[in-house]
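Each structure below is given as structure tokens.
In what comes next, chain A is part of two complexes: it sits with chain B in the first one and with chain C in the second one.
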Partner chain A sequence: MKEIEVALIGNPNVGKSLIFNNLTGGRAHVGNWPGKTVEKKEGRCIHKGVMMRIIDLPGVYSLTAASIDELIARNYIVEERPDVVVDIVDASNLERNLYLTLQLLELEANLVVALNKSDIAEGLRYEIDVKGLSELLGVPVVPTIATVKVGMEELKDAIVEASKRGVKARVRYREDIEELIEGIGDILRRDEGLIKKYPIRWLAIKIIEGDEEVMRLIEERGLMGELREVIG
Partner chain B sequence: MRMPLGLAPEDRMVRVVEVRGGRGLIRRLSELGFLKGEWVRVLKSGPSGPALVEVKGSRIALGRGVLMRIIVECVPP
Partner chain C sequence: MSVREVLGEEPEVAMAEERYRVIGEILSRVFRGARPLTLSDLLDKAFLNRGLGIPIFLTLWWALFRFTFDVSAPLSDLIDVFFSRLGEFASSIIGNEWWSAFVSDAICGGLGGVLVFIPPIFFLFLGLALLEDSGYLARAAFVVDKILRPFGLQGRAFIPLLLGFGCNIPGVMATRTIPSERDRILTICVNPLITCSARLPVYVLIAGAVLGAYASMGVFTMYLLSIVLALLMALIFKALIPYFRGRRAPFILELPDYARPTLRSTLTHMYERGILFLKKAGTIIFLGIIVVWLLSSHPWGAPLDQSYIATLGRWLEPLFRPLGFDWRGAVALFFGFIAKEIVVGTFAVFFGLGEEAEIEEVQRSIVELGVFTPLTGFAFMAFTLIYIPCLATIGIIYRETNSVKWTLFTVIYGLILAYLIALLIVVIGGLMGLG
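Let's look at the complex of A and B:
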């Protein structure tokens, strides 16, 4: 049977664990992330002849390396490259939640967005243009209500679909920033080890942001000198 | 009236006017939702120790040091 790896991610309190339990039937292997006292939950789900290994990542607001939870989530997505990343978003609090979504797009994750708590959003009289949101983000968006298991089949369908399709969405920035990303990317691409391990565009964006963890990596690789010439 | 978030009264909507910190702190707080112009509400606070703050629909605990670096505008009732 075809096996795929699926990671669940989202802000704290979006119903991530509930979706995890709905998908896996509550049968989970619980352990710790290696060397860290942060819980790691793993479960399985078979859908349309595909075996999904589902990994529950810690709830985070962003993917900066600011806390251990964020670092685990980010390293997992960067280094393990799961086939699909399900970003669970609180439909009643879209503005806050979409920040993480954009960071995941920058990371070039193969994204499916679950628009959870759709019932609460409706109760607040929010009308979300699901199709429009999906077009803007360039990834599938599935409305769900995890508490009553609404949208779970559709979510599984979308995951299997996405695993076949691969990544195609990306965030584009202003022209001058794009040029800078390109210039930095050219330098990074000279390092084959980097190409193998990281999305180059993502590294370039993080360098522009001055991300500590990425800067350390660049220093280790001895690319700092050349980079300075581009970023000044 | 302007004051640090650490001195703002509980249960009152106040508006962030400034974060007095370095790049790292400003960035981290903006990721948590503490952006200039954002309305926030102190849920639980005391004379010392951390306080619980509501921002963009989430409750976030902040330490005293950070609370004193977030400057808010508080309108008297």
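Let's look at the complex of A and C:
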């Protein structure tokens, strides 16, 4: 049977655990992330002849190097390159939740967005154009209501579908920022080792932001000298 | 074209703004119907309001401290009484004189000395857990950022500093939430200047003894001095030490939705921090009190001024003479290095009253024996406030900075600053004729 790795991610309190339970039937292997005291949950789900290994990442608002949770989540996505990353988004608080979504797109994760609590949004008397959102982000968006298991089959379909395709989504920023990213990317691409291991666009954005972990990596690879001029 | 030219001094903030701009654009195209204001939005309008934010914050902070001290005071008294009775009882049934004194003064006194701090510490952490779980603490950090920024500290430094008023140990540990290494170490370095709850009994003792009608004013001044010094030293370190200079880390904080705190997570938060204090601090304070007792009651049977501790005190005395402290003050400060709680206990032991003496008796002895004048007493309080917090805090500073250099730096600047400020108080007070 074909086996794929699926990571679940989302802000705290979006219903991520519920979706994990719905997908895996509640059977989970619970351990710790290597060397950390943060809990790691893993489960399985078979859908349309595909075995999904589902990993529950810590609930986070963003993917900086600021906290252990955020580092675990982003290192997992960078290093393990899961086949599909399911980003669970709270439909009643889209603005804040999409901040994480954009960072996942920067990471070039193969994203499926689960628009959870889609019933609450209706209760607040506004509608979200799901198809439009999917087009703007360039990734599939599936409305779900985890509490009553609505949208779970559609979510599994979307995961299997996404695992067959590659990543194609890309959010573009302001033109001058894109030029900066391109400039830094050109320098980074000279290092073969980096290209193999990391999404270059993401590294460039993190360098712009002065991310501590990535700066350390750049220092180790001896690229600091060349980059100093661009960083300013 | 460089990052600085495109995005300015704080590229991380500029990138966050750019992401939110893109999100705004996306949302404007996918939303049908206006999003009404939620309760969270309404609360934020008040709590984050330019004019109201800080008064609301100060009110809640004040309420938290009243809650902590008022609720815990009777419980602390109960624990105090329990251990002094236990000591009396133990000494009455033990025949051997040495063992009887050891069990009642050292063991029971020591345990009582540690355990009286449990109620205030746990109630403080309970209050903080409530504020944290409700989502307010993140707002408080946001509001306070404006105040802290000019001093080179960022909003996240506020929670560690706030916790420091309870105990510097969880205060130093809470700096883990500060992402920038530079900001984190700076916050750790000034944290010991925040007057922890263990220093309060010293202020109360000395101020009550020698400041008369100005006692509570004196105690309040210590809290004020604590805040002023912490901010001032942060500013000075930032300006003078090259390591702290350079690009200011931007302050980006996700504000979680307001939520009703759950009993379980609130209690867990309180328990985790409280137990940490108990384990780290408790054992050391307990051992410290036993050591003080051993040194002050040996050679066995000798009067106090011929004990080992008196010898040590006389040896230290010249150092403290410019500040007007005698050998007793010197010894109290010396052992206060283990934990500030011991300062009060040491004075109690000195006047032959035992660890469990009533505070009034100790105060009377301080006045009668002329240990402090109002001026040197006040200087002693300031010295207690500023110098090295306690052994356990030093241990935690080392663990969190993972650097001998920063640990030593914190210890040494604390000692020098304490000496300077105490000297300043004595000299200026003397010139004003307050001696």
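As a convention for this text, the second predicted complex is superposed on the first by the 232 of 232 C-alpha atoms of A that agree within 3 Å, B and C clash if a C-alpha of one lies under 4 Å from a C-alpha of the other, contacts with A are read in each partner's own complex, and residues count from 1 in each chain.
The working rule: contacts are C-beta pairs under 8 Å (C-beta built on N, C-alpha and C of every residue); 3 or more make two chains touch, one makes a residue touch a chain.
Keep in mind that what you see is a predicted model, and the values were worked out from it rather than measured.
K.L.:
Could you check whether chain B and chain C clash or fit when both are placed on chain A?
P.N.:
Once chain A is superposed (C-alpha atoms), there is a clash between chain B and chain C.
K.L.:
Once the shared chain is lined up, is A:E153 touching chain B (first), chain C (second), both, or neither of them?
P.N.:
Neither: A:E153 stays clear of chain B and chain C.
K.L.:
First (chain B), second (chain C), both or neither: which does A:E219 touch?
P.N.:
In the superposition, A:E219 contacts neither chain B nor chain C.
K.L.:
Applying the document's definition of touch, where does A:E179 land relative to chain B and chain C: first, second, both, or neither?
P.N.:
A:E179 contacts chain C only, not chain B.
K.L.:
Let me test your reading of the model: by the given contact rule, A:Y99 touches which partner, first (chain B), second (chain C), both or neither?
P.N.:
In the superposition, A:Y99 contacts both chain B and chain C.
K.L.:
First (chain B), second (chain C), both or neither: which does A:E161 touch?
P.N.:
In the superposition, A:E161 touches no partner, neither chain B nor chain C.
K.L.:
Looking at A:P12, would you say it contacts chain B, chain C, both, or neither? Reply first, second, both or neither.
P.N.:
In the superposition, A:P12 contacts both chain B and chain C.
K.L.:
Is the number of chain A residues in contact higher for chain B or for chain C?
P.N.:
C
K.L.:
Where does A:A66 make contact in the superposed view: on chain B (first), on chain C (second), on both, or on neither?
P.N.:
both
K.L.:
Superposing the two structures on chain A, identify the stretch of chain C from 78-86, 96-104, 114-122 or 132-140 that clashes with chain B.
P.N.:
Stretch 132-140 of chain C has C-alpha atoms clashing with chain B.
K.L.:
I'd like to check the shared interface: which positions of chain A are touched by both chain B and chain C across the two complexes?
P.N.:
Shared contact residues on chain A (touching chain B in one complex, chain C in the other): 12-13, 61-62, 64, 66, 93, 95-96, 99, 210.
K.L.:
In the complex of these two chains, what residues of chain A are touching chain B?
P.N.:
Result: residues 11-13, 61-62, 64, 66, 90, 92-93, 95-96, 99, 210 of chain A touch chain B.
K.L.:
Over in the complex, which chain B residues touch chain A? Could you list them?
P.N.:
23, 27-28, 31-33, 56-58
K.L.:
Under the touch definition given earlier, write down the residues of chain C that touch chain A in their complex.
P.N.:
For chain C paired with chain A, touching residues are 1-7, 11-12, 15-16, 18-24, 26-27, 29-36, 38, 177, 179-181, 247, 252, 254, 256-257, 259.
K.L.:
Residues of chain A touching chain C in their complex?
P.N.:
My answer: residues 12-13, 61-62, 64-67, 93-96, 98-99, 102-103, 124-130, 132-133, 136-137, 171, 173-174, 176-177, 179-180, 183, 205, 208-210, 212, 229-232.
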